[in-house]
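You will see two complexes here that share chain A, one where it goes with chain B and one where it goes with chain C.
And then the complex of A and B:
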């Protein structure tokens, strides 16, 4: 490492003062955090249930099971729950991707990245809602 | 290991008043398996080259002044044993992410400003006079912040954190953990004042949860954990202000 190092800790910090504006990052972080719980707890459960347990064993029985599951997904409280899990997981994922891009050198574009990242999460959530609506 | 075993230390050298560029200088140091990297540097300074400049004081992991990069990793040199590197050479650099003052000594100014910014002291609206006795605290109340109060300001976490290197506004692991430590102190009433600072743009939200601060911390402060907790407090605060906006911070 060269003398002079990075700018970081050598630079001044803003001194305390009542004028600092609370950042909207809090909002995105809250979605990220809630989505983290969803992605860690429910998504793996869904993968296990729909990917392994439902199709396991005898084909006819599996088909019946899958049909019963699909019918449950047509029930609106289930749709809402599924949409919640999907939407929050998407925001979690896109927030992580945005910060990953910031870590690999795109910190300057932190603001601009919000549109593709959170906009993408919103668009995919809209698509999920549309698909769920159609069930 | 022979009687006269030695180990090579490559020290980062830079004297800004005479050197146009930093360079590395190698020294052969007697190898003793009880020695730490700091002992070897002190031996060089005492016996070979008095111009080597480094900071140290307690030699027992308490003062936090001997932090340097040892083979690329931020370490307290008084706790980094030569035997963990022998027989390979040991390269010692000043902590990264800080401006170098001279040789292995870095400038702490920005770090001190950041510590100061989080108001690391107990803030009270009402100050009891001493005749009323102390502010009592239960063991459970102490336990809520004790871990975060163990910091020795060694700055290893700043050298380990990639965000510190990229984002000037980021207060950094130790300062955020310290701010959180006072926010969790039952005797304190200054949380909203501190949050004004901590929640502003990139001061805390710059953290991308890399977690290296917690890995390198010699005191098990877990600054990454403190920052996560502080973010949760910050998010609650955000929604609170959204639901019931109040005037300029009180």
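And then the complex of A and C:
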């Protein structure tokens, strides 16, 4: 899945001048693409469920929906899928946020931004794994 | 990344044209989705903390402030999906043998179709 990676991924290698050291950008663009697909497929439905369907309705309805949600989230294949969706989506978002910051004047910090952005995505993913393990 | 040259521009360059603005709105969807994902993991954490804790958390989600936040998150997530799958013909051309699928067909096959299917299954599971 290399959607959207073409433009950004090639930049570092082509214009580097002397050394052709790989910048690692291609890796982040690959994660970005995979995460973009996951976020697009799943996040709107997640928002509808946790933001609107679960809090809505009277107590009986709410209890039934909460039970259905808990049943799904407690099944280990769903946990694995959730972790995959959450992790990839977070890397997608943080990659986009890093490039957003670069586009509004922080391009000279492109390297330094990697730690808070990708490190943040990694830390949040670790937290999600720990949370899912505990359900 | 050194050695690259970027023309200096105002930080608010994206206000100059509607197209730039659309680009910026698309990029900003990621900020709201990241925020939602944190709330989503918090929701899962409350689920792990027991039935009472989860019920309390979900009841709080029904407040007007959280509802408004979720409306924004939903708009961002939907716009992300629409723009992401809208780019399928450029980013991931689909070929049947030698024949390249037309734009709208490839968008439906590779994007909007699976998206609506996945969403319908998830919503059905909770509502059934």
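Heads up, the rule we're going with is that the second predicted complex is superposed on the first by the 109 of 135 C-alpha atoms of A that agree within 3 Å, B and C clash if a C-alpha of one lies under 4 Å from a C-alpha of the other, contacts with A are read in each partner's own complex, and residues count from 1 in each chain.
Assume a residue touches a chain if its C-beta (ideal position, glycine included) is under 8 Å from a C-beta of that chain, and two chains touch if they have at least 3 such contacts.
From a predicted model like this one, the values you see are computed outputs, not experimental measurements.
Trainee: Once chain A of both complexes is superposed, is A:27 in touch with chain B (first), chain C (second), both, or neither?
Mentor: So A:27 only meets chain B here.
Trainee: Count the residues of chain A touched by chain B and by chain C, then name the partner with the higher count.
Mentor: So, of the two partners, C touches more residues of chain A.
Trainee: Answer with first, second, both or neither: which of chain B and chain C does A:99 touch in the superposed model?
Mentor: A:99 contacts both chain B and chain C.
Trainee: On the A-aligned overlay, A:52 touches which partner chain: chain B = first, chain C = second, or both, or neither?
Mentor: Only chain C; A:52 stays clear of chain B.
Trainee: Using the touch definition from the top, say if A:36 reaches chain B (first), chain C (second), both or neither.
Mentor: A:36 contacts chain C only, not chain B.
Trainee: Going by the contact rule set out at the top, does A:66 touch chain B (first), chain C (second), both, or neither?
Mentor: second
Trainee: Of the two partner chains, chain B (first) and chain C (second), which one does A:107 touch, if any: first, second, both, or neither?
Mentor: both
Trainee: Can you list the residues of chain A that meet both chain B and chain C?
Mentor: Looking at chain A, the two contact sets intersect at 1-4, 6, 11-12, 15-18, 23, 33, 99-100, 103, 107, 110.
Trainee: Chain A touches which residues of chain B in the complex?
Mentor: 14, 16, 21-22, 69, 93-100, 106-107, 109-111, 113-114, 116-119, 155, 158, 162-172, 175, 193, 195-197, 199-203, 205, 208-210, 231-232, 234-235, 237-239, 241, 248-249
Trainee: Mind listing the chain A positions that touch chain C in their complex?
Mentor: 1-4, 6, 11-12, 15-18, 23, 33, 36-37, 39-56, 62-63, 65-66, 68-70, 72-73, 82, 86, 89-90, 92-94, 96-97, 99-100, 103-105, 107, 110-111, 124, 127-128, 131-132, 134-135
Trainee: Would you mind writing out the residues of chain C in touch with chain A in their complex?
Mentor: 1, 3-4, 6, 11-12, 14, 24, 27-28, 30-31, 33-34, 36-41, 43-45, 47-48, 51, 54-55, 58-59, 61-62, 66-67, 69-71, 73-74, 77-78, 80-81, 84-85, 87-88, 91-92, 111, 114-115, 118-119, 122-123, 125-128
Trainee: Can you check the complex and tell me which residues of chain A touch chain B?
Mentor: 1-18, 20-23, 25-27, 29-30, 33, 99-100, 102-103, 107, 110
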